[in-house]
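Each of the next two complexes has chain A plus one more chain, namely chain B in the first and chain C in the second.
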Partner chain A sequence: MAENHDDFAQQGDSTGLTEQNARTPDNQPQDSRPIITVRGMHVSFAGQDVTHGVGLDLFPGRITALVGESGSGKSVTAMALPHLDPSGASVRGTALLRDGETTIDLLSPDAPLQVIRGGRIGTIFQEPMTAFNPLLTIGRQVGEALDYHGPRLSREQKHERVLEQLREVGLPDAERIARSHPHELSGGQLQRAMIAMAIINRPQVLIADEPTTALDVTTQKAILDLLGRLTRELDLAVLLITHDMGVVWQAADTIYVMHDGRIVEQGPKQEIFAHPHQQYTRTLLEAVPRLDVASLERAADTNARDWAQEKKTCRHSSTAVSDSTALGVAGTAGIAENVDTTDKTVLSDTAGTGTGSSSPSTPAVLRVEDLSVRYGRGRASRQAVEDVNLTIGAGETLALVGESGAGKTTIARAISGQIRPTSGRVLLDGVDLAALHGRRLRQTRSDIGYVFQDSGSALNPDRTAGWSIAEPLQVHGMNAADRHKRVEKLLGQVSLPAELADRYPFELSGGQRQRVGIARALALRPRLLIADEPTSALDVTVQKRVLDLLHRLRCDYGYACLFITHDLGIVQEVADRVAVIRSGRIVEQGPMVEVLTHPHDAYTRTLLAASPTIGVRPE
Partner chain B sequence: MSQARSVSQPLSHVTVKSGPRSCHPLRGQSLKSQKSGAPQAPGKTRARSRRVDPRLIIGGILVTFFVLLAIFAGPLSALTGNDPYTPHRELLDDNSVPTGFGGGISAQHWFGVTPLRGADLFSIVAYGAQVSLTIGIGATVISMLIGVGVGLLAGYFPGVVDAVLSRTMDVFFGFPFLIFAIALSAVVPASFPRELLLILVLGFFGWPSIARLIRGQVLSLRGRDYTTAARLMGASTGHILVNELLPGLLPLIIVRLTLALPGRISAEAALSFLGVGINPPTPSWGRSISDAVAWVMVDPMYLLFPGLALFLVTLGFNLLGDGLADALNPRARRREMVEATVDRTSGKATTGTVGTVTDGHNARPDSHDVREEVQA
Partner chain C sequence: MRTLRYIAKRIGGAILVIAVIILALFLIFYTLPSDPAQLSCGRPCSADQLTRVKAFMGLDKPWYQQMGDYVAGLFAGRTFGTGATAVVCAAPCLGYSFRLSEPVTTLIADRFPVTASIALGAAVLWLIVGVFTGVLAARKQGTWVDDTLMGLSALGISSPSYLVGLLAISLFALNLGWLPSGGYEPLTQDPGGWLYHLILPWIVLALINAAPYTRIMRTQTLQELDQDYVRTARSKGMPEGRVISRHVLRNASLPIVTLFGLDLGSLLGGAVLTERVFSMQGIGMLLLDAVNNLDLQVLVGTTLFAAVLVVLANLVVDICYSFIDPRVTLAR
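== the complex of A and B ==
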């Protein structure tokens, strides 16, 4: 039900999109004076500046993107405008809001906050699910904003106004939405409702703090289109805070790039994307995993296999490195020897695939046959995954792509034996995991490495990084001295300094934590590595490094890899083959180049269309 | 908060300003330590060596003092030639109230004497420490062991095991403890040592609340990815319980332990008051306090000394446990980081850690309260 409405709304917006696209860059809005002028803004905590003299101009009818990575200060900067900065922050500088013929200094301590908030500046947040009070209806919460601004309205007038506003943000079924509680709506619908709440008093400025980060790619596109339409129709000045260059490309007119509390570069979108001046901007742009179907098509025309092969082939040097590491550990503990021998067969496999073409004779490491999973029992049960068939060979990466709730993680959990399939089989090297028990099962599980999405939760906060990496070795009986050596080696392989072994997870950055998680997953030299959105919580430059690392390690270790993601750009970067999943069913499966260039299924085409494709490369 | 602290601490070998750390905790630390290249985790050791937690010092002194008092109750009382039994009726007036300052405080009787019998109050408090601490610690340890064990199992094995254990807890919760205790004291032969009986009774009725607490925490910890990771690497259940879950429970257990201890001492007092605890004339703080209540208007010192002893030992254990929980737990320092989280998105990066702190929160509000009081 909810899905349908979302779809409908999307259609409504896509017409809006074509209009927006029709607008040429020089067809800028009439009013060229900025509505908000920020100059020399310093935000400081405990006497320490975190932003240094930030200057911004927001224009009516334009979406201005403030781009930066975690900790760059983009959110504190934006949130200081309506005085929503975190407690303990002190703000210096000026931010003038043009209000008719007068101006208001937003940063002055006696700024009329109740007028500014909601009345002049509307704000929407990252998590639509948590931004609403779960106990009140959407209609009541949207209408609440009317109580503090404008003339007093009767109940009926207010209700009418709310419905009107909900329709305007692309929720045609406004009566039902207004009656609903937050848990009854989808993320996209809630984000629309939040936008309705933010603009119901017709503010001049809308601050959108990562408005689509928590949403699926198709929903993201719909929300961005909606923002674009509202910007134009209401002459809104939108400040879009995001870390995602794809979002910037899709939505923004003007860009400010922020780094370590400073604006390092600013300019029109086309300009920044095509001719970035600053090294940082360049790094940022280069790190974005690009979905570039055109280049794939060109390549496919000439010789797809060669092209893909060239990209995926592991250099011989790296194989040699791994060989030496294998020798280094070999002959220490009995278990290590066992693992190493299997590892060497894997290496020879890789060599085979590396030199020859991707031959179908590669033995399948993982074979999933007619896998179905049902959650719950009886009437309340829910089919999560249905008749899924997958095969991954040694050294091959299969990307499993789909939106949230499609069943990606369920498949991963079934393969790794965390849940039992309702029907079907999972064969790892021909062995059915479900038929194993006790010691044999635990032994076989060591052939599967698992990298989690949330690196914060994946490591025990009470244990050092070194302990966590060594844990699988300890479980399988390696002695302390050998463990120490192996941990050191693993840290080197994931490009972390050895002294990091003594750190606790909270002393590590997100990227470092994820590397530790990868090192742990590789400690037992798995045959299969399951990576469940390993980079979705990371900054884009960090993501790039982690993806590169995974690629290099695959060459070294020769594991088969099930890579779960929602980002087609990442798919293009890492995958040999792709399986697209929707509502628990695989709708399309095939070689990466083929699926991305000639998608057969309508859903794959929808995904491709919704994915941000940055058309310009920095020169 | 961090500023106040940096002022109060001697800046001996610490060259790092505390300012930037509170602003940019992750970045600051990792950069620093990479530069210094110290072999040990520099952030951690430096942070710890900066100062010893005053709670640990004060708590340690208090607890040590009372343990020593209990151990050397005999010799200490003998210094003034006293014991808790000999009456000194010459120090009482016609109404059996001690004469002289503060209930008869003198060089001979440091805490004065009790009304009615005129026994030496210091000896009573010292010997009472033996009884009260033995019962308190013994009962707490027993209920801790059972509670943690049952809680771990109930939390980790959902389904039948959890159902059986949880219903057992419910039965214990609903059990008329007092009636049972009274009945038991009538049934158990007088030759059975009372202290041991009290330890067993209090211990066996104390575990369900602990088990329930532990179960809740285990339920939340077992859902974390690192527990899943351990299962996936083929770890046995024992390994997971001991290595993954127990460290996360430790702060909870310690705080709970220090809170339970005074509760047990009070429970012993309550039972003794009802006449089913320690038999007179064996001194115990609980019985002294309950006796003293009747005399509080005419001889307040009789209540004050054993009451003060109970208060101080409770405070000591609380401070010690609280400091210990933080010292053992690398998470403790994160609270400061969380408060100073700068960017919304950098907040996202630390969500996991924030979650771990707040999850433990409901179980450890006391620890934070005590901390704030001490620092104020």
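== the complex of A and C ==
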């Protein structure tokens, strides 16, 4: 993987800016010399190289995306520039920053860190909640960045500058924001404040490390729009690190695809999306759950029922699944090591129990009637969920869509009996859970399986995967020999080798852990499976495989599924019906195709507009 | 507003704790098999005399009434006996030592400056030493500096204070003759002498008490250095020293504040061993005396005083917390 960046189109163009802080007047990315040129960068930990000769060029006024899955080396590459890599990393190679007429080698051990960090290179991070010091006000933390760069300012000047900067990044009530502590603000506000902090000294380069991964889609879109505006207005060279092709499509001008510590493909956005040369890039693109309303509409126009039927039913489940799983295809050896295990064919002999259709004749497995949940008591109480009505039939998947804090998880917890509803009823196969006690309640609860969002913390770290899967069986009195057999079968059904039963969670990858979580949820053959954002912590390719797995298992088990997500792309992929929730209320509910193609509620339309839609399909 | 409500709640809690402590004290000390009346009656003691002494001391009443009298005495003062032989114990009356013929409050007030001098000076010293060495050890993690400091702190934690005190006296007082082996001069009379007499106890106490602070501070600093906000601070171009002093130290010191409040509070209630080793007449010695002579009134009084100090220290810690960490007032 030698430096194949030399064929890069804009390389060596010597026209353009001579002054570092010149502004581009228009929206066109300015063709000019790169502001940062990285060549042959190796980052290693304990003598082990994790990146192998990375080359990158960053241009003013342009957003360059560095795309890859976790472990690809994209973050360490970017963080090496301002020397913010974790301690213990050693970096070789060169990264030349053009500074007026001279250059600074960012990677040299005596690079002027205090000048580079914050002065030349601003950085924003993934988790805005933890990236701020919880004890200090936002104003103070943003203002602090001024202390180490530029002329000395008085207290008042500094304060003015901070307010001005906060307003510039779209925080009009800057005074209040400046006075607030991090826990008093939303993720979006914090990420804006973080951007303010990063650009307050007008750096030439902005490194954005997964800046929107922790945010809702509408917030994500706003932040990406802001980044785009600042890139043009301040002629910033932005290095956007992300695993999300949707984000890349929304924001980037140029793309570098990274895999196993190497740049495997690079080029302008349109070019990469339309004509990916590398199999890996292709896989990444195909794994993205696409919100593709146009194709839904086309389908709806011609023959909606058939189309939906074909996509959702279980008639040809095993073949359909492996066909659509790009990773199962031979010739992807480069990826296989990064991925759990290749999909086995369906083991189950019970295929076809669920029809997947949402015909009204199907008796409802779950019926939620006028469910309301209030947290707290008295004046301090808060209505979390109000008058929610839901029905899910056997073999049917209902996607519950909404932003963080909307009440999605509260509903799931009320259904599974983890919290008591303030009013309303939850009926499982017609039985009111609140009316049950003791043995009967436990029995009924075993009809509900729960897959948690964070597979890492949902498993007991001190117990093996097999133990975790067997626990519900043990609780319900199955003997050891039967448990062992059932665990083995369940592992097969979630496409994991039986040996994995003896592994501890830390020995498993994120995707494997989530499969174990699914196996545990299915151990008691639930009538209802609640999946609470089961893939939001996973890489796209792994996510794709887990979604396929859930689809296949639904056919085998015929469970009703409540699928919680914030991603409309996933909704399109998994759901039969959709319920859109906002501030604790269901604002719209209906068949998936109908809701996505003809949304009635304004909020649904906002969500649809904010969702990343990739306009080009790879050839 | 939220902060005020938080503080009010804490004060309410503190009052409740003190009430429970008083109840516990009475239950413990008044169910002991020793009879204060018998002790102060002298020998030989006739039954008639004993009854009169009991009535005089208020011991003829049931224990809960005695407790009521005691609590009333805390606020309004009380009088033992009647007529010419009556003994007045002014509020806040913590009891009356019939052995020393003095109200316990007066005894404590006389001795408190000694204990406070020892405790406050030593506390400031050990806080500085503990925090400094802890941060240093964290920054030099894995080097000989870290190893040495951790070794010393292990030694400090496992050394009994009387042993270190005696060794220090034998070295600095008896062999080198630099410092006195004990005694106390009031600050108001002789500031130089006050300092001169306190240096050795301060150092001994500080060396021992700093050890756990070093360890906690080291762990906390390492933990905080791993936090995202530290990387953010670095990304602004802050020099590492500033990152530590402005960001890490404040977050890392939260558990230290709790520990310090408790340590200082309990030390103010009497530095028994230190006072004994350095022959200083503080509250610790008063307590020791009372135990040796079964002077229950003094025992109850000093114990209550010490308990109140610990509760107060806790209260101060809680209030400090609400200013250091804006998130605490949110919890309940």
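Some points to look at:
In this text, the second predicted complex is superposed on the first by the 545 of 619 C-alpha atoms of A that agree within 3 Å, B and C clash if a C-alpha of one lies under 4 Å from a C-alpha of the other, contacts with A are read in each partner's own complex, and residues count from 1 in each chain.
Heads up, the rule we're going with is that a contact is a pair of C-beta atoms (placed from the backbone, for glycine too) under 8 Å apart; a residue touches a chain by one contact, two chains touch by 3 or more.
A quick note: this is a predicted structure, and the numbers were derived from the prediction, not measured.
Superposition note: with chain A as the common reference, chain B and chain C can be accommodated side by side.
Once the two complexes are overlaid on the shared chain, A:Ala198 sits against chain C while remaining clear of chain B.
When the shared chain is aligned, chain C comes close enough to touch A:Ala145, but chain B does not. Legend: residue contacts after superposition of the two complexes on their common chain; A:Ala434 is shown touching neither chain B nor chain C. Look at A:Asn133: by the touch rule set out above, it reaches chain C but stays clear of chain B. Taking chain B and chain C in turn and counting the residues of chain A each one touches, the greater count comes from B. When both complexes are overlaid on chain A, the residue A:His181 reaches chain C alone and has no touch with chain B.
In the superposed model, A:Asp454 lies in contact with chain B only, and not with chain C.
With chain A fitted onto itself, chain B and chain C come no nearer than 6 Å, counting C-alpha atoms only.
Note for the complex: chain B touches chain A at residues 2-3, 19-20, 22-24, 26-27, 29-30, 33-34, 37-41, 43-44, 224-226, 228-236, 239, 243-244, 247-248, 250, 329-331, 333-334, 337, 339-346, 348-353, 355-356.
By the touch criterion given at the top, residues 227-229, 231-239, 246-247, 250-251, 324-327, 330 of chain C touch chain A in their complex.
On the chain A side of its complex with chain C, the touching residues are 82, 84, 113-119, 122-123, 125, 127, 130-136, 141, 144-145, 147-149, 181, 183-184, 194, 197-198.
The part of chain A that touches chain B in the complex is made up of residues 45-48, 50, 69-76, 79, 86, 88, 126, 209-210, 243, 416-418, 441-446, 448, 450, 452, 454-464, 468, 471-472, 475-476, 497, 499, 502-510, 512, 517, 520, 523-524, 537.
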